[in-house]
């Protein structure tokens, strides 16, 4: 059940020239949202742009007494809508539709959970980490960015007991290179007897690489894909992802059957270019 | 409170606000957010006889005050629709319009037959205007004889109200409304989308995998309103008007121009809860302006004393 | 720095960025804000043989990402233009395209003759596509034979490059480009505006005194780009593309789709100083992408391996 | 010569739920603007709305040392663009094109100047009053509004030495009724020997009434008309007003030949309805 909340902006915290965290007073959605679900935001009140934009629910916001206040989103400025969210000011109102999509399924101990995030792909993992923590599931966050200034919220995950493995392409923080390097090392050394679920979100090439590692090491991988979405409700059939079905394959709507997919079912070659 | 009921041929709608085809899935997707029975009608996604895969992504791209789509009529086919979706839609009390497509006259007729035999279909909207697929519909919709042939062929095989959906990509849309009327249609729907394209100048590739797509949304509204008005003057048939409706006042423009009912497509993507706003707003406009029934407003455009058109 | 010069028949333009007819007055209005010589060309307001009063206000209304206009071709007539405006335009070094209108073939020819005898006219744009007046142009522009007749008639009376301006309000614009080519046109311009209307729902009156008007602006760009691409595949003639161009990337879409030059209309109302932005931006795009000349970019649309159109 | 300045908003002073004064840092335009001229504002950075909107230059803004800082506009919220200007915040940037149009011609002593303003029609008179004051021209401001809360800036005009005659339709301030009532009384008592120029701006019916009084009492009346304007530069021919010329009449562009017109030349019946 999705609701549409015309939510006041509680705060806009700029993390960098292109990243910000936007706090939205939508407690109804916070109450319903599960890890990995997303919302569709109307970034402007007018017609420019016309369509909503999809964003993962980042944090559940609570007041001093722990009552749900709303949600936040981790926004990366890439175009007109995300630029509007970057410029949003407290008091502005933004229409928030959600929660939408299939959530992550958090594993329980003794299984371990590995989260693999690239850039803004960190967004769906804050809520996942919380529910993993509730289950006392041992967790690791493999988190890669271009450089040190692109890595955020490590302490948030550390507080929840996540082990952090950081990489930057320019080596300014953590290991130098791609996040899949330490992931592969970890996989190669992880005892076969240790049950494990891998959750990945980030640039498509990264998720594809993680999926490949999952197959090689015979580990379950769940990816959160980011196709362009027109409606988020199953109405437009714009968001399709090709998935294997029996012998063949067919298009499914990622706003309903995703955005989280079992990586082995995704036909990667058929994914929308650029994402 | 004014009477919002309208008639499309033998069919009575509780109100003139419908969800447009292809913008509302099969309707069931919205069932737990909305009471589908409150809509004047639900026009489900275009259906062929068989399942269709549709075009690869990217299937949509946003444009100024509009969007292009080239979904390619991905669909489950009429038989699975009847088996899997129709019963649910009936249970929900939806007034179901089915948008039907065909590559041949026979296919249109076969799809129409299947739906006529099934329980719970209120009317058939003949999609002869989808700009996004080579083989389906549009070759009928861009020729007067083709339009006449499809409508009269389907007329022979069904007693359901049939509503050809006209393409705006023609010189004289009114002549197509006339052809539909002559062939025995119960109403006409217009407009479908405008054939258009967008180019990524960095890659110099089309932004849609299908190269071209259909333009919808507020951008096209003034053209659509004009076409509805032209058709209103050309035929007696009820008109289902659409194209960029996002608000009560947008819907009123179409009704005043001559539409008996309106459909909302793209705006549903932005405001999935727009329906009550439109239905209530229409009622209060009628009350405010002293119209006992919405039917009193249809085609009430007042031309200025000094007319130049 | 890449070469921005292009050729329209015998005519060489220093760059492919032109001001569109009716959106730049007679050009002289902008003379103390801009150096008109820096534009690829200035297409002046549509001219009949005699003065025309035009339609009463309201003549424009804004619509989503666009506007409707029904100016009604108010104008000073070709003789006063030659006497009062042309000398000034020459002095300013503008490359003058004159947009000519007629109620009859003879009028088109007479206007063309007058302008051919005058000094300082670079080319004639034949307006056979104004949607706003009963008696002018459009009856030619909506018929293939009419288009052929106007072009060949004017061809006989002038050696100036002639550029029929096509209406988008037709089923198959490419066939009109072909008719123009067959009749001896030097290029084609497209698109003119889309016939449209807007209604004030409180008064139930049209928002324009003329009831209908022409839709222009960003809203129509995706349709215009598609039409340019269709014409590019149908004819060898240079194409002057337009419709909603507001930025360098918009202009590039048209060039990549096949336009040799582009015109900017509505955007000039919003950004009267847009010209240097467009000209400089085009140059840096070409440099960045390694095109020695803009002519190397014309029609360079890359179709995806898997094509569905 | 018009310039286009991407001007930061210096201040937005709300006078009422629908009136505000917007201060714009456009010194270049302030330096060029003459009384009664206007600017075209792009009220949003995007496409909604698409076109600029015309506004009279209200005040010339000067800093402590008297250096020109920019201009202000007196804005009345009537639709989408004026609503955006009502919501504008300091730091926002608004594209200001101008100055445009034919200015008022201020009369010199011994001639007296009477300004007749209805509602937001006050806007062009602040700068006119200043240049009348420079010429020591005796001036009166006849200023009418719906009610007391619709009358602003009286002290501004008083400081410049203008005599104020206020009216409100609900009688909450000044004389009850229309501003044309006191105007007519003043005309009827004004000695024929006293040269006089009347300047009017406001709702079309008001300006038309003032024009009629001018004819009756054989006084020059200059009106500032407000047709819809597409470009403000003479490019679009949307802003036409029908004026008498010799025996006949024809349409002229009010952005070039106006917005200020000699009232006797205006064909009032041909004016755009509603304005």
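Which chain is which? They are A, B, C and D, in the order written, and residues in each are numbered from 1.
Here, a contact is a pair of C-beta atoms (placed from the backbone, for glycine too) under 8 Å apart; a residue touches a chain by one contact, two chains touch by 3 or more.
Just so it is clear, the model here is predicted, and its values are computed rather than measured.
The chains touching subunit B as well as subunit D are A, C. Shared contact partners of subunit C and subunit D, listed by label: A, B.
Subunit A and subunit C, compared by their mean Cα positions, are separated by 48 Å. Between the Cα centres of subunit A and subunit B there is a gap of 36 Å. Centroid to centroid, with C-alpha atoms defining each point, subunit A and subunit D lie 54 Å apart.
Note: centroid distance subunit B to subunit C, computed from Cα atoms, is 33 Å.
Counting only residues that touch two or more partner chains, subunit B has 56, 64-66, 217-218.
Residues of subunit A in contact with two or more other chains: 47-48. Contact topology of the protein chains: fully connected, every pair of chains touching.
Within the complex, the subunit B residues that touch subunit A are 22-25, 29-30, 32-33, 45, 53-54, 56-62, 64-67, 69, 71, 74, 217-218, 266, 268-273. Contacts from subunit D toward subunit A in the complex involve residues 44, 46-48, 80, 89. Of all the residues in subunit A, the ones that touch subunit C in their complex are 47-48. The touching residues of subunit D, counted against subunit C in their complex, run 1-2, 4, 42, 47-52, 97, 227-228, 230-231, 233-242, 250-251, 256, 270-273.
Here subunit B touches subunit D in the complex through residues 64-65, going by the rule given at the top.
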